[in-house]
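What follows is chain A paired twice: with chain B in the first complex and chain C in the second.
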Partner chain A sequence: MIFAPEYASLATSHQEVLNCLIEVFGEDLGTPLLDEGRPSGPVITLTVPASRLLAFVERLGEFDYPHLSSVSCEEREDGVILHYDFSLFRASSPGEGLMICVALSPQEQKGMIPSLSGLSPWAEYAERELTDRLAVEFQGLENRGPLLDRREEPTVPPDYVVLPLAAAGRTESFALAVRLVRGRIGSVRFHLGSLHRDVETLAMGGDSFQALPLAERLCGSCSFANALAYVRALEDASGFDVPRRARYVRSLFQELERLSSHLLWLATAFHGEGQEALLAATLALREPILDVQEKLTGKRSVSAVVAIGGVRVDLSRQGLETLQSMLAVTRRELRPFRDALLRGGLLRCRMEHRGFLPKAEAVRHGAVGPVAKASGLPVDRRSHSPYEAYGELDFLPLILERGSGEAGGDVFDRLLMRVMELSQSLDLIEKIVEGLPEGPLLAVPKRRNLVGALKEADGRGLGAVEGPRGEVIHAVTLHAGQTALSSWSVTSATRRNLSLLPRLLKGALLDDAMAIVNSLDPCLACVECLLPLKAGEELTEGGQRR
Partner chain B sequence: MILPWGTKAVAAVTLMLLAALISLLFEGAGRLVRARGERRVGPPLFQPFYELVKLFGKQEQLPQDDPFRLHHGGPLIAGALSLTTFLYMPVGSLPPVLTGGGDLILVVTLLFLASLALVLGGSASDEATSGFDVEGELTLLAVSSLPLAVVLSSLAWFAYRQGLPGAPFSLETFVAKPVWIVPSWSGLLGTFILMVAFLCLLPLQAGSLRLDLFEGLEVRYSGRGLLLFRLARYFRSLALSALAVSLFFPGSLGRWLGLQESVLLAIDFLFFWVKVFVVQMVTLFGTPVLVGRFRTDLLARFFALAVTGFALAGLLLLYFDVRF
Partner chain C sequence: MDRHRDGLTKALSIFRYNAGSCNGCDAECLALWGPRYDLERLGFRRAPSPRQADILFVTGVVTTRAAKNLRHLYEQMASPKGVVAVGVCAVSGGLFRRSSSFAGPLDALLPVDVYLPGCPPRPEALIEGLTRMVLRWEDEGGSEGREGS
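Presenting the complex of A and B:
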């Protein structure tokens, strides 16, 4: 199936979307519920029989490109419930995101569950993970091999070459092997598993408070995004109304993190191209941002700002002064930097026309973040489903178009997109500081009351934020009377963008491979730490579970 | 000046030892220049000497399948060939230890063979990726040979047609009377273009450009093998810079200052190494900072088309100078 790239809108409201779905699927959808007042934004919750899952997703494709945002599971006594969360960004009108949460009950899974990997390639990883973990069988899943391969020396066929990712400034243990056909890359294999930490299983032992530091440490450069998404999922499940000042503070730290992450990425990209002087210049540009974080929170990274129902730290006057001077310095330094990039030169010559990702392919693969935007796909949760203070900041998602109006999408465009996002983040920070309201920082200041509120929560909560690399989604399930998590699943941006890798590398020259891999800004820490083991399970030397 | 064989042997050994020491010193300085260009503090000046000692005692991983001992033999031959070239180069006002009518061709051939030996040494590796490196290095060696040949033959032809004293393919000819003082404006421009083309070739010939993602042939070596490989590269870099100085910057500071005999020889000797230092720092350490990592095919196209075209333009200007 090919989704229409321009997404003719068939509905005028979220209710009409639901009505259209009911019209086609009738009672198969169980008791569908549209909730427009949830903290995570408008959500339609429904069930779909496994036999009609593919038809359902194809129907969603008529409204908008249905981004498969996350696949998660919830273990119950009667079996496993599978959850598929789809994001529609323009189903009823542009700028009004709609989340469609589909549940497959254990009774519906008696037959085989159809694999969504044909419609959304990244679903392959999620399905293999579920096969690994819960022995769920997916019909049509081509690669059924274990997702987690913890062998230190992954077996690589003799005609494959392992790419040295460290040469491109990537420090992740990510065994990427390619097979060359007439000097160009023919096929790609990669192994995950070296960074596995099984964070989700760790979190199951404690209560939902204890999992917050774990969420913060899933990744270094999108620590805040993960913490915020986790907290928002809890708030979504328990219905907290976060104070306005806290929402502004959260947005501020999100943008600071974006600045820091993009500059770090730029530095690694320059290192990969052998431009060490630019690497040093970019890292120097990042220093004032880390200084601001230090001034505001006492920490340069993993700032522990976010709390359930608000934030832990306020913006001090001294911190705001440092922030203002950082804005002035970064703006001044960034302009010539961006102009020099646009003018061209060796770097442009090296990066242009490599790793081209057309808009239609970005849609098919469910690309997110700067990768999607560089291909002309305006996917940005900050504007489509505004959360925290973004709804009040009045901004549009950036997309990159060439002079002729044709969408870009090569390695250089992805670099430019991140540079453009730097400017946008500076603008947003300025707006946040200007409009910073007075008021409390926590919805429920006393911990005892907070625990009580969390114990009352019963159901599934979603927290979706636009991290530096794209959409980060956390899904949690809480049961009444408990503060412990019943389930927690994380879908990082890299997990979705990683499925682009074989597509982008195919046909590329070996010399371009590093630049292409780096242009996706893959964060293997985000992906691998989440691959779970069952309680009591261990990995054998061969990477199998026992 | 004809020296007795004994004196020649002593001079040859002394000169080669000195060149070896200077190459290490210049490498240390070059790393500092590159580091400063990249906004780093950089290593100490004598870091290559420390590495020499350290690598000598390090464990080495040798390839399993290397029947011709190319892994060590390649760098050894490359180092020896590179040092041999100094015997044919006039150092300042000192005559070369060995002379001959075609020593320019001999020096260039020795340096080419040194590059080839390094590539062959790197190819003797168990690494699956060594084939790509060797392929890339050989391609670049081949494409850089054409502009190099154009530059050298243009200079020799010009020297011959202008009636410079000595054999046209002798380095002493270019040192005795710099090509710059002979021509008219078109000849001067042509010589300048040839010089730029030659200096463009130096980083590639010396292997100082960061080419591909596999970081070149050096990663195939460890321990003493790496020591040999690095020494060969340092010697080759110094020899190439010295060749550039002999061809394009041969002037004598001592004569300009009106010095005589031993003082003249000493000052010109030092001046020669200062010029080599400047050429090496600018071309082999400065340029890579500016251009970053090159893709092999782009680089090959650049040398095969742009630099060759540039060198041919220089030849054309020299032709106009001679003809009109």
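Presenting the complex of A and C:
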């Protein structure tokens, strides 16, 4: 485990962080509160006036880099509240991560809000989305166009080249166009909107527990991570204590999903490079994992494991046998696979020294997941704010650093990182099976009591998990006396890593563009689906409403 | 319809379009090409573009924008051609049928040959659906061919 010394922190305890903030900002901070006992880990909640937001974030950057985890909004009768959630990771040793939740009060919305895009580039997308939806003005936001167009196909200017994403094996339909300047990529445009399903509005129509199947279908390859993050947000708001056995089962499925998602990614990466034999080998490796999921849950994927306050499936003896044989097979097959990749060959030649992401840039962009770790940045929810069983599994994130202290971070490193995470997930699964405790699976087994408990909950809940692509954060707001959600926002890992796309493509050769795009694993289903309609907007032309 | 029958003597190419899917069905479509299901052994291939394709796989809720694309994609394909609605979202809208982005079930836009509900459908179901479609084509093409001769 290597912590980057240049970002090492001043503060030692959570209370000291809070004291420092109060010392600097004094009266400006409204009701600062440190809550150590939240299911989502220690959280400082406070309000900051818009005029001091930038100074506040810069001050946070002195503890740690300003790791903006999510931006969300909550519409109330008296106006809109913006929530900025920050994570202090590096300032703390593993297991002591701290979240700082900043709310901008309704009165502030009338004035201008400073844009955070200068400090954390991915904030641009969130701010453009909010500008489009709520007509909030962000001061200093450079690109102002709406983030996605749900009606019209983008018009690509004639001097742009559209990248053939589908042909390269990506499953999404999004238009990515680049303009070449002297043979290299000069500027990048991407157009979102064709995958938008308006999930948030759908969820608001029902009860909070009815939205769980929707959360599970935000993304097919990180379905469990999204369902878990959503349920953890509800549990955070309503204070359920999840039984220990359920925590282990959750961690197990989290790792199974990581295995299947990474292998699926590897398959598309090999397909993109025209390596059909490796594609077949990867898909063959993936099947035993889906078999385990099927044996345990009855379904290969999207399998409704997680329930509010626990899990729906137990590990049967048969299921565990399948799991053990999967572990043996995957371990045996993975080693020669990894060795062959490391030995090099054509694939390594194609991927090395391309799409290089230096560590400092990964920090600036707030990169997450394997992309960050491949650049030597140890950000991982499983170690910093251990959730479910991870606190008991001695988990430390892997990072890639080359021998000379020089950090990695090219396309090949990101591939290697994911392959290394496969072995790590297998280790974790072994530990989970060994340490699996006996006990109940649900905190509140009776549906009626569950609904009652959710009805009593009041306030904002956060659920953060480490999905296959990195941090996935769901934030919900519940009001006492209601079972419906008041707000729901999702910040997926791809949304965080999306600002890297133009950054890494700039200056690259067109030949390398597809490899670079793929190395970020831009899974757009969950980026696009939570951008709700503007009030009064109606899509009628070309479509039938039922 | 000799072309129909001739076309079937060659490998059939499949082009997959994500019309608003969560990637769940797309992952199962990819699994079809792995060694366990190996669609190539049944004489299917992947097509990199709709012009080269005989069969169109559509995954996901058909969104407003995807609906417009789908028509163009379908028109680009040479006849004879088949359309498979992969997953309950493409079949009926599934969980997202009340979404404001939902442009209607796939068969309101294109003639659908195979409906494969499921979230996601199993690869075995995909193979079954494809096989049945091809067998039906062979029957139809065969009878029309005989009439012509």
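Operating definition for what follows: the second predicted complex is superposed on the first by the 524 of 546 C-alpha atoms of A that agree within 3 Å, B and C clash if a C-alpha of one lies under 4 Å from a C-alpha of the other, contacts with A are read in each partner's own complex, and residues count from 1 in each chain.
Operating definition for what follows: a contact is a pair of C-beta atoms (placed from the backbone, for glycine too) under 8 Å apart; a residue touches a chain by one contact, two chains touch by 3 or more.
None of these values were measured; they are calculated from a predicted model.
Engineer: Does chain B (first) or chain C (second) touch A:Leu510, or do both, or does neither?
Structural biologist: Touch status of A:Leu510: first partner only.
Engineer: Who does A:Val136 touch here: chain B (first), chain C (second), both, or neither?
Structural biologist: After superposing on A, A:Val136 lies clear of both chain B and chain C.
Engineer: Quick check on the superposed pair: does A:Gly272 touch chain B, chain C, both, or neither? Answer first, second, both or neither.
Structural biologist: After superposition on chain A, A:Gly272 lies in contact with chain B alone.
Engineer: For A:Ala280, decide between first (touching chain B), second (touching chain C), both and neither.
Structural biologist: In the superposition, A:Ala280 touches chain B and chain C alike.
Engineer: Looking at A:Val199 after the superposition, I want to know if it touches chain B, chain C, both of them or none. Which is it: first, second, both, neither?
Structural biologist: second
Engineer: Per the contact definition in the header, classify A:Cys20: touching chain B only (first), chain C only (second), both, or neither.
Structural biologist: Touch status of A:Cys20: no partner.
Engineer: Where does A:Leu163 make contact in the superposed view: on chain B (first), on chain C (second), on both, or on neither?
Structural biologist: first
Engineer: What is the contact status of A:Leu398 with respect to chain B (first) and chain C (second): first, second, both, or neither?
Structural biologist: Touch partners of A:Leu398: none, neither chain B nor chain C.
Engineer: Please name the chain, chain B or chain C, that touches the greater number of residues in chain A.
Structural biologist: The larger set of chain A residues in touch belongs to C.
Engineer: Please identify the positions on chain A that touch both chain B and chain C, taking each partner from its own complex.
Structural biologist: The overlap between the chain B and chain C interfaces on chain A comprises residues 164, 167, 279-280, 284.
Engineer: Write out the stretch or stretches of chain A touching chain C in their complex.
Structural biologist: 149-153, 164, 166-167, 169, 171-173, 193-199, 201-202, 205, 213-214, 217-221, 223, 264, 267-268, 279-280, 282-284, 286-287, 290, 300-302, 523, 525-526, 529, 533, 537-539, 541-546
Engineer: In their complex, what parts of chain A are in touch with chain B?
Structural biologist: It comes out as residues 158, 161-164, 167-168, 270, 272-277, 279-281, 284, 346-347, 349-350, 509-514.
Engineer: Please name which positions on chain B make contact with chain A in the complex.
Structural biologist: 37-40, 128-129, 132, 210, 212-215, 288-289, 291-298
Engineer: Which positions of chain C touch chain A when the two form their complex?
Structural biologist: Listed in rising order, the residues are 16-28, 30-31, 33-36, 48-49, 60-61, 63-69, 93, 95-104, 108, 119-120, 122.
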